[in-house]
Structure formats: C-alpha cells, structure tokens
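The structure appears below as structure tokens.
A, B, C, D and E are the chain letters, set down in written order, and residue numbers restart from 1 in every chain.
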Amino acid sequence: MQAIGQNVRQISFWAENAAPIGLVALVIVFAILSPTFLTLGNIRAMLVAAAILVILAIGQSFVITTGGIDLSISATMTFGAIGFGLAFQAGAGFWLSALVAIVAGLLIGLINGLLIAKGKVTDFIATLGTLSVATGLALIVSNGKPITVTSDELLILTSGSLGIFGYPIILAAVIAVLAWFFMFRTRFGLHVQAVGGNEESAVANGISATRIRMAVYLISGGLAGVAALLLVARVGAAEPAINTQFLLNSIAAVVLGGVSLTGGKAKIVGPVIGALLLTALTNGLTLLGVSQFYQPLAVGLVVVLAALLTRFQKK
Amino acid sequence: MQAIGQNVRQISFWAENAAPIGLVALVIVFAILSPTFLTLGNIRAMLVAAAILVILAIGQSFVITTGGIDLSISATMTFGAIGFGLAFQAGAGFWLSALVAIVAGLLIGLINGLLIAKGKVTDFIATLGTLSVATGLALIVSNGKPITVTSDELLILTSGSLGIFGYPIILAAVIAVLAWFFMFRTRFGLHVQAVGGNEESAVANGISATRIRMAVYLISGGLAGVAALLLVARVGAAEPAINTQFLLNSIAAVVLGGVSLTGGKAKIVGPVIGALLLTALTNGLTLLGVSQFYQPLAVGLVVVLAALLTRFQKK
Amino acid sequence: MTDKYNSVPDVSPHTGTTQARDFILRATDIKKSFGGVHALKGASMTMRRGEITALIGDNGAGKSTMVRCLSGIHRPDSGSIVLDGEDVTFESPNAARERGIETVHQTLALVEDLSVWQNFFLGREKTHGFGPFRTLDRKVMKATAGELLKNLAVNVPPVTSKVRRLSGGQRQAVAIARAAGWGSKIVIMDEPTAALGVQETARVEGVINTLRDSGVAVLLISHNFDQVMRLSDHVWVMRAGMAVAERRTEETSGDELVALITGAKAA
Amino acid sequence: MTDKYNSVPDVSPHTGTTQARDFILRATDIKKSFGGVHALKGASMTMRRGEITALIGDNGAGKSTMVRCLSGIHRPDSGSIVLDGEDVTFESPNAARERGIETVHQTLALVEDLSVWQNFFLGREKTHGFGPFRTLDRKVMKATAGELLKNLAVNVPPVTSKVRRLSGGQRQAVAIARAAGWGSKIVIMDEPTAALGVQETARVEGVINTLRDSGVAVLLISHNFDQVMRLSDHVWVMRAGMAVAERRTEETSGDELVALITGAKAA
Amino acid sequence: GCAGGSGTDGGSSSKVAAVIKGLDNPFFQAMESGIQDTADTDGVDVTIQAAADIGDTTGQADKLTTLAGQDFGCFIVNPISGTNLVQALSQVATAGKPIVNIDQPIDADAAKTANIDVATYIGTDNEAAGGKAGDFVLSQVDAGSEVAIIGGIAGDVTSAARIDGFKAAVGSDLDIIQESAADWKREVALTTATDILAANPNVKAFFAANDDMGLGIVKAVENAGLTGQITVVSVDGNKDALESVEAGGLSATVAQYPYAIGSLGLQACEVATSGGELPANIESPTALVTSAEAPDAIAAFPQPFAPFDNPLEDLLPTE
C-alpha cells in the first residue's frame, strides 16, 4: 500500500500508466455524464466494438517493438476481407474462407518483411507502398464491389457471447494472452525486443535480425487477416473500402499503451488498454451526443495529452 | 562525359538519382504510349496540378531533414483553406484572407513545434494528434460546409501563366529556390542539417535544437498555409474535407527525392522532382485510361521500386 | 594535503605562493543531479594560467559532467564558476565559447553527415550579407579549416569530405583542431586519446604541449596515468561526484594517484 | 624476423619448436572489403593454447574487422580459419560460439533496454517445455548470471536491472563475464579496458589472467602497450589490413612495437 | 445537446436516434438539417450521429450499437453500405423498436437473415438518379459522342449505383471512354478531368457521382476554355451546385433533396412511435435541375422546389 502511495507521487508512475489512468479517468467522466455508459449492454457493445482495434494494435505492437511501423495494416485487413468474401462466394465455406483471409494477410506481411528485412527498405516507405498495393489488389480482385456474406458461423461470431463478453472480444483476449506469452516468455519475444533495442548487438549475439523482422511483419499481416474476419462479420460484407481510421488508431493505441516508436520496449497490455481507451472515447462522445465535428478534436486532444504524459516515463 | 559514363556504371549513381531517373523513365514510357502526354497543354496542366504537392513536399523536407515527420501537413492545409474561406466570406479581401490562411497554418505549426521541441513528444504522435485537432477545427469553424470563393486575384492565380508555366507552379518554384537558398546557403539551413544529423553534437556546438525544431514545424505549417491558397484557388472553394492523399504523397515525394527519414541529409531538388514524378504518374495513368482500380497498385509499385533503389545510396 | 574534501584552495598549501589572480578558472561547490543521480555533489577545482591541469577519477566519478558544466552544456544546480576573476554563468555552449572556453568532448560532438569545414565552424559560421539573406562565407571557412587541420592530422582529410568518411583518428584530429583553433583562454579535452593509436596519440600530445606553450590553459581528462604524469602540471582527483584531492604533478606519483582515486588514501 | 608480410608461420622461426598442433587457431590470408574499403588485405595470424595473444596496430589497421571475422559476424571474402586443426567457416556468431569462440566486442554488444540476465543469455537462452510453447527458464538464467558476475564486478548490479541503468564499468563487466562464462576455448577481447578506470582495469586484467590460467586462449586487442607487455605471451602487429609482424612478448619492447606499428621498422 | 425532450421513460420513448453517413459532405449535412429542423418544429427529441467519413463502416456500426442500448423509441439509419449496420440493427429489432431506413437501402437478404424488420424505406434510388443524369446527357449531345465518368472512392457503393444507372441509361448510344475515381473530392476531380480533357479532345460530356466532383470538372472545363461546349452533370443538388447550374457552370444536377429525406425520416419515426402504419416504401422526390429550374430550386432550398405530395402528412399524429 505504502509503496503504491509513494509511487503515485512520482510523475513517472503516471507516465508509465498513461493508458490505464486515461481509461479510468474517461470511464469516471462518462459514467457521471451519461447514465447509459456503465450499463452492461453498453459495456458489452464497447468491448465488441474494440475487438478489431485490439487485434490490430497487438500486431502493430510487435512491429513497433522492433522499431518499425506497419502503415499497411488496415489495407491488409481490407485485402484479407476481400479474400474471405471471394472465397466464400466461390463456395469455400467459412473455415476455408477464414484461412484464405489469414493467408492473404500473411502475403502482404511477407512482402513487407521481404522489403524491409531483406531489401533494407525503410519500414515507413515499404509499408506505405504495400498500403497502396494492397488497396489496389483489393479493388482489382473484388472489381470494386462489396461482397455480401451470409454465413451462420459469422453470425455466431458476431452475436455469441459469454456473459458480457462477446465472442469477438474473447477472440481478441485470447490473441492478447498468446501475444503476451510469446513476447515475454519465449526466446522469440526476447529476440524481438533485442532487435528493437539494439540491432547490432542482437546480431553480434547470434540473433538473425532478418528473421525477426520477417516474423513481426508476418505476425502483423496475419493478425490483420484475423481482424478481417471480425470486420466481415461486423459489417456483413467484404468491402474494398480502406479503413484509414484503423491505421492511425492502431498506432495511437500502441503509443498510448506506452510503447516507444524507437523500439526495444515491448508492451502488450498497454496497447490493448490503449485500444479500449480510444473505443471508450468515441463511445462516450456518441452517448453524450457530441457533434461529429468535435470528435476528431477530442481524439486529437486525448492523444496529445497522453503523449505529453508518456514522455515522463523512466528510461 | 567520361566521368558521367563511369558514374553510370555504379549502382549508387542510380540510387542517388532515383527521382530524376524515375521521372525521365516515366516521361519516356508515357510519351510513347500516349501522344497527348508531351503536348504543351498537358505539360502545363501537369505542372499546375503538381504545385500544391511541391510546396507541401518542401515543407515536409525541412521537417524530415531534422529527423521528424509532419503527419498534420494536409490537415493543416485544410484548416488554412477554411481560414481563407471564412475570412473572405467575412469580406476581408484577398490579401488579408491569404494572410489568415498562412497564419492558420503557422498556428498548427506552432502547436507542433511546441509539443515536439518543448514538450519532447514524439513527432509522429504529436502531429498525429494535431492532424485530428486541425481536422476537427476545420469542421467546426466551417460548420462542415464548403465555402465558395470567387475572387479576381484567385482567378488570376489559377489561370495566369508565363509560357507553359502557370502562376501556381511559378509560386512553387520561387518557394523551392528560397528553400534551397535557406537550406544550403545560410546558417539556419546548416543548423537544420546538424540537428538532424546528430542533435547532441549540434547542441554541444551551441545550436539550439529547440529553436530549430520550432522553426521547421513553423515552416511546414506556413507552407501548408500557402498551399491552402493554391487549393482554394484551384477548386474555387474552401472545403473542410481531409486530404489524406496529400499527406502520404508529400512524404513519398520527399523519400523518392532521396531524403532519409532518419534525418541529417537535406535535399530540396529531390523532393520537388519526387512530387513531379508522382503527379506525372497519375496524369499518365489517367491519360492512358488505366482503370481506377489499378492506379493505387501502380503508385504503390513505383514507391516500392524507388525505395529499393534509394537503399543503394552512398552513406 | 588539502585540509578537507572540497576545501576551496585559494592559497594552495603545497606551493604557498599561488595568488587568486593566478587562477584563470575557479569552480566552487558545483552540484548537478540528473533525476535521482547526483553526478556532482559539490565539487570544486581550479585551473592556472599557462598550465596543463589534469582531472582524473574512476568511471562515473563525474569528470565529464564537470566538463559539461564548464562548457555551458549543463547548468549547475548550484555553485559558482569564476573565470579570469569574474563570476560567470553560461546559458549555452556558445556563451562559454565566447568567453574563451573551448571543449573537445568525450563524444567529439561532430555531425557525421556534415563536411569537415561545416563541422569546424558549427554554431559560429562566418557569413556575409545582411538580414535574413546573410549567406555562409564558404570560401573563407574552408580555407581556415584546412589551414588549422594541417598542423595536426597525419593524413589531412579534404575539408569538403564528410566526417562520416573519416577514420577515428581523423575525427579526433578535426575535433581537437576545432577547439584549438580559436585563440581561446582555456581548452578542455575529455579523454582525447582514449581510442587513438600510438602515432595519433603522439600528435595530440604535441598539440596539447603547443597550446600550453602559447599560454592557453588546458584541462585534460584522462585515464592514462603515464600521459597525466608526462603532460600535466597539476592534478585534480575526483571520486563519487567530489574533487577529493589535488597535487602538483612533480610532487606525486602514479601510485599515489591510484590510491587517491580508489580512496585507499584519504586526500 | 618472420621472413615476409603474411608468411604463414607454421613453424615460428624464433621458437623453432612450435608445432602446428600447438596452434588452437590459425587464420590464413584473410581478405575482407566493405564496398571500396579493403579492411583486410590478406592478414594471417595464429593463437596458441593457453596463451594470451595480443593484437595491436593503429586506428583502422583492421583489428576489429579481424575479430569480427573470427567471431562469425563477418564472413571473410577469402582465406581460411583453422580451429583446433579443423577447417571452419562460421555462418553466424552462434556458429562461432558453438565452436567455443567467445567475443567481447569493442561496442560491448549489449542491449540497453534488456536486463542483465537477458543480455547474459542473449541468443542462447535456456528454455523448458516443448515446441512453440517452450518458455524461458528465467530462474536458472538469473541465478547463473548472478553467479558469474560476482567474480568480476566491483559493485555487482542486480541481474534484473536494465543495462541502461548501469555505469560504463558495470557494462563492461557484464560483457566480459558473459564471454568468460561459457567454458570456451577462445575468448577474444576488443579493447576491453579502453574506457575503464584504474580499479575496473585491474579487475579485467585479473579476469584475463584467470582465463589463461584455466587453459583458455585469449586474444587481446589493445592500444595500451604497458598492458600488452604486462599481460600477453605473444604479439601480432597489424598495419593497413595486414599482419606485418609477430613477436614473443618477452623478446620485444614497447619501442620495437611502436616502430613495427608505424612502419619505421620493416618486420 | 439533447435536453428538453418530451420523452417518457421506459416502454416506448418518443426520443429518436439518427445515424447517418459522414458529415464532411454537404449532402449529409443537409440531411442532418432536415432531421433536426423537423424535430425542432415538431418538438421531438432527436440525437444525430454520423460516421467519421464515407469509408468508416465499422465506426458507424459502433455508433449505432452505442445508441441502440439507450432508450430511444425509433431509429433512423442511413448506412454506408447495404450491410454494415445490419448487426447493430438486429439489436434494435430485437428490442422491437421501429427502424426507418433512409437514403442507402439496407441489403434485403441480410436484413431477413438477421430478422430485421424495416418499418419503411425512404430515399431515392441512386441508380434511378444516375439514370436521370444519363437521359439528360443523351438529350444534350449527339449520339455516339464521347463521355467520361468520374466516380467517388474506388469501390464505393453509392458511387457504383449512380454510375451503373448512368451507364444503363446511355446504353450504347454514347461512347464511354473512361471511368475514373476522384475520391469524392473536388480537387482530385479537377486534376482528373483536366487529364481526361487533354487526352480526349473530343469528349463531349462528363458525369460525376456527386456535386463536389461535378464542380471540380466544371472548373477543369473552364480552365480549358471549353465552358458551354461540354455537358457536365452530377448528382446531389447541393446549394453551390444549384448556384453553378444557374450561373451556367454545371449543365444540370440530379437533386435528391437530402433535406427532404431527413425530414421524411423523422416524420416516419413520429408516425411509427405513435402506432401509425407506414408504407413500405416512400419515394422521396428527385428532380433534374437545369438552368431553367435552378432559380426556383435555389429559392426553395433546402425544400423540394416542385410540388411534392408528402405521403406521411395524413399519418402524422396531431398535436
């Protein structure tokens, strides 16, 4: 107790925990302002809504831990969704189509990995390129038309739940637990952190930076494929439109979660909470009936404030 | 002649000059495929269309030279355009309204500068925040409505020309020359490069990294304000729409121009050519009647290829 | 031999004659913390005109922090610096340089992507013209930089080549020539030969002697006792953020210095 | 005394008795270029069982490049490395380590954001469990790291603290303890004491002697002649990418070594 | 704000929630005004939310889900795509609250699968709107003339419907030389149109999927000095487009009267909450506005300029 009390007085305590503190603060404010906010129904809805962003943020977190960035993540999700839609339309059934979505995501991840790890192209530019490429491919293969998908499995995925936890957020939670396990309890995760912290030293100790980089972009692509499933389930169709919002939000969630963009410091819980925070923010603003025009302003201010806080983190 | 001949055999020659080589290659390809491409009319139109991107790329180039990035640049332009529109609507006249646009851009630049230079917030996150903030502000103050602007001065700005050079591209060229002068012939420019190259060393030599960073974000914001003028002149209205394309293209232009995202290496001509290249690419694809679906793919491939080339640059 | 830690050595007991005005620099009771780390806990030291003063101590003793305080990079939390009899506070590295204190930092403080001449004049470039259109006087700067480098380097690099292309020794030469080239009163060198080979080390030691002979006071930080004994006139010993002892070089020995550094000998 | 540059010293003339099997390592005619820079132009050298071999030379002579070739970071463009009588090529640093070559790099090769024990086992972590769910055996690794560090450091840092928080001396201790702790045949140390204070340097020299006494062959790169003369049994001299001379330490002097390094003396 | 409601708590509230497309487009702003103004006149408490932009399918669904948990008596939805709101709506349907679908129709199959019963659909067939534009172009240019189409973001549903309608109407009578995407943006459309004009000097007409892009094309035509020689038609009927039609810039716009759609939507909710029966489909007025009709249209803006028989008039609860 006392230890915590002491901690609280230090600014770095606030900085390390910007995301959970921000989340708690938001919850308190919204709970006071809106009676609906803390109802079970709304919490359930919020969690389901957060699932896609949580999964993307986890993928992004692996990439950012190595000091990279994946700008193609939401375009990859779109591409995966179209892959699912086409496979399903062709009669492949749910499971095979899901596989196609994930493979499509892995494909873009592979291209990113090859460009960045083997081709030594700057992450920013490589993924900016694949953003365009994935978008173009999604448009071309779908002929620019949304593909309506009606599948029992998808219906179960969207509407099923255990208590207040809908299946999407349960899937996201399972992924988060696995991600945490791999990041902090296996050699692979340690090597991801080492490459992000100091690539030269990692290489001198026999770690293959090339393989690690390949792996994180594959993870991010694969998770974008999984997110594509939830996306198709949620909107009931595979659409070739890009969801730019998801890209910026996935990065914001990771940074709000206390991960430095320079790499080397891994976090999984932080980005998950960051994603929840961003979702709660839009949810609360919607509940309060705040005009659409003020919402980007509010999101921007929260991001900037959280970033100002995180800078007091201990090195 | 011989020196050039020798150079041509070295891969770093191609890498250093990825943008001009790419531009020449594109021009040759398109000139063969489309008889219209090299007509005076089309060249004039292309140059005018490129002006906004050229100006944004120059602003972005200053920021990237310090190792930063300005994600808010296109949102700032939108905000500046709305500033112009509102001032003009309020009867402020062209020149005063233009001043308002530039001041609006400088304002966002100032916020970026304060957050990054004084607040030590990561550039990526700070400008991601101001992207949202500027977008929100533009929507709020304009009430989300486009503001039609009919001004003689704007008309002259869009339609006037000297030979095949329309006034917008002349304005962009003047800005490019000034930018080159300040970057390579003044203390300020040298200090920008020094801060980007090695901030600690620059500070140890008495350069104020804080002031330099403030300055580059102000430059980028101010130039976004100037670009806003051209945008309003071009479409005849100030619209609160977000122009994400301009953001990604401005960064792509700078990187195609051979500027490293890690900072320290300044270029002005490169980014200008990069901007021309991206404009020529869309122009050519449209002339050839390439399907809209294939255009993102083509742009993505060009970006990736150019990035693959630039990695062979000499250190 | 000084009476206590951090005594202010106005009149140094072992010479008996040194007057305050002989000290070109006197730093008194300097404190500096970084967050929870107290790098300097009230350190005092002096430098005399025309002498080479050595500053020695274990890793993390606070030598570089002291140097950074003297050269205007850090501002001490408390304490005073008297330069040439005048109380000074340095707002910036440039302020220190304008008062005649040049520094060769442990990290060299070069910008790799800039050329040799640009690094040479970094932060105090020569310009011509007026107002915002003052342009860099490139010709003059290149000529001056080339001139000054010639005295020092074994293989003089072209002044227009980027520092990135230089070898470690050449870089060190650029940093030292830069500091030595401004006709200043004090030159501080933080481990200037740590990574240098024999030939380069000999050159640098030559430059240090030349500086002294031309009346410049030199502060030399070094872990190399032979070098300290060979070059310096006076030695200050730091331990754990304090200056714990001083000696005339001719009156001490390598062994005594080791004992002072490790704390085996009190002061 | 060797007949020519880069002669392959199968039987070293000045001892007359050394047999090929006494060499634990023999690198022959190693070449390595980076773009246009020929860092190694056909350098040869040997190390003997249970001896400390010193490698000296000016800045940029190619010492670190040689070390990187021996430790699997670089793959030589040509040339052969014979380890314990067996021709080897190292695909990766791990391959070299598996064959018993440990290295303390000039840059230390630590990851600042990882803890001491994580750095200690970096690249060869101990795990338990099976398949993709093999987990790190944190307990064992922490204990081992703590144990090995205790022998070396003056102030032993807690094994769970991040390397970022350690002082320069502590970091060096971690890097050296890591290399020394694996019961290997050869330990290479690239300027292990360059930035260390007196106490730390003494400790490191102690470790080097201990390693030799336990039968490990040590390759020591150093600019410090006193250290080389004090510690080593055999000295190789590099100049401009070539090994230009070798001496038994007891048969040479600092002055001769300087002459060999600078090229004042032919070989 | 949403204070001062006349809603009764529990059971069937008379509060109305509306979720529409992105407000960064004047079309949807007019729709919002239609809903808000009507609510103000009728004393209904309404909450309006919009997607972040035209591509924000999930964001829109999230917003609807958020509102679905509150005590609204009726929901007005203008989905971005045919299916993106279906899942969120199933919750509304389960609670037995009426759903009024405006503008973009909800995919019928998906609605059936999810057991969603849409009280009424109000809107204009986007395909029909495109068709009207096509008919107009046919009447303006010679058969076999070259015509170019500029759509919204590649892959957008509304854009595709309008373009399909246009193509169906012109059939093989005109030569469609090119179809480009201009992201719904004026500046992009301007650049694209300029390029198309350069490549195809014989192009006689442009069709744009919304007014903003239409105005960009007008500007391109003007820059090329071809004003009056090239027919430019777009869809929406925004104020600045009407003004351009009047001034001789745009040749015509197919007005969809988003204000009227919004207004009808709210009235439909009033009918539904008071227990009235709604027709399954309500066709909101559309009209081709050429320079002849433009002054009237501007005068009546945002209301429809032509007399319009409101099918809900008689059904509305009397106060």
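Of note:
Please note the rule applied: contacts are C-beta pairs under 8 Å (C-beta built on N, C-alpha and C of every residue); 3 or more make two chains touch, one makes a residue touch a chain.
Quick caveat, the model's predicted, so the values are computed rather than measured.
Touching chain A and chain E together: B. Put simply, the chain farthest from chain C by mean CA position is E. Ranked by separation of Cα centres from chain D, the top chain is E.
Measuring from the averaged C-alpha position of chain B to that of chain E gives a distance of 34 Å. Centroid to centroid, with C-alpha atoms defining each point, chain C and chain D lie 33 Å apart.
Centroids built from CA atoms put chain B at 30 Å from chain A.
If you average the Cα atoms of chain D and of chain E, the two centres end up 74 Å apart.
For chain C, no residue reaches two or more other chains under the stated contact definition. Looking at chain B, residues 139, 143-144, 292-293, 295-296 sit in touch with two or more other chains. Under the contact definition stated at the top, the residues of chain E that touch 2 or more other chains are 23, 53, 154-155. Contact between chains, as defined at the top, is found for A-B, A-D, A-E, B-C, B-E, C-D. Note for the complex: chain A touches chain E at residues 36, 39, 41-42, 45-46, 48-49, 52, 138-139, 142, 144-146, 148, 150, 155, 158-159, 231, 233-237, 239-246, 279, 282-283, 286-287, 289, 292-293, 295-296. Remark: chain C residues 71-73, 92-94, 97, 103, 105, 107-114, 118, 122-125, 127, 132-136, 164 touch chain B in the complex.
Of all residues in chain E, only 1-2, 22-23, 47-53, 55-59, 61-63, 65-70, 81-84, 86-87, 90, 107, 109-110, 113-114, 153-157, 160 touch chain A in the complex they form. Those residues of chain B lying in contact with chain C across their complex are 181, 185-187, 190-191, 193-194, 196-198, 200-208, 264-265, 315.
Against chain D, the residues of chain C that register as touching in their complex are 57-61, 167-169, 191, 194-201, 223-226, 258, 261-262.
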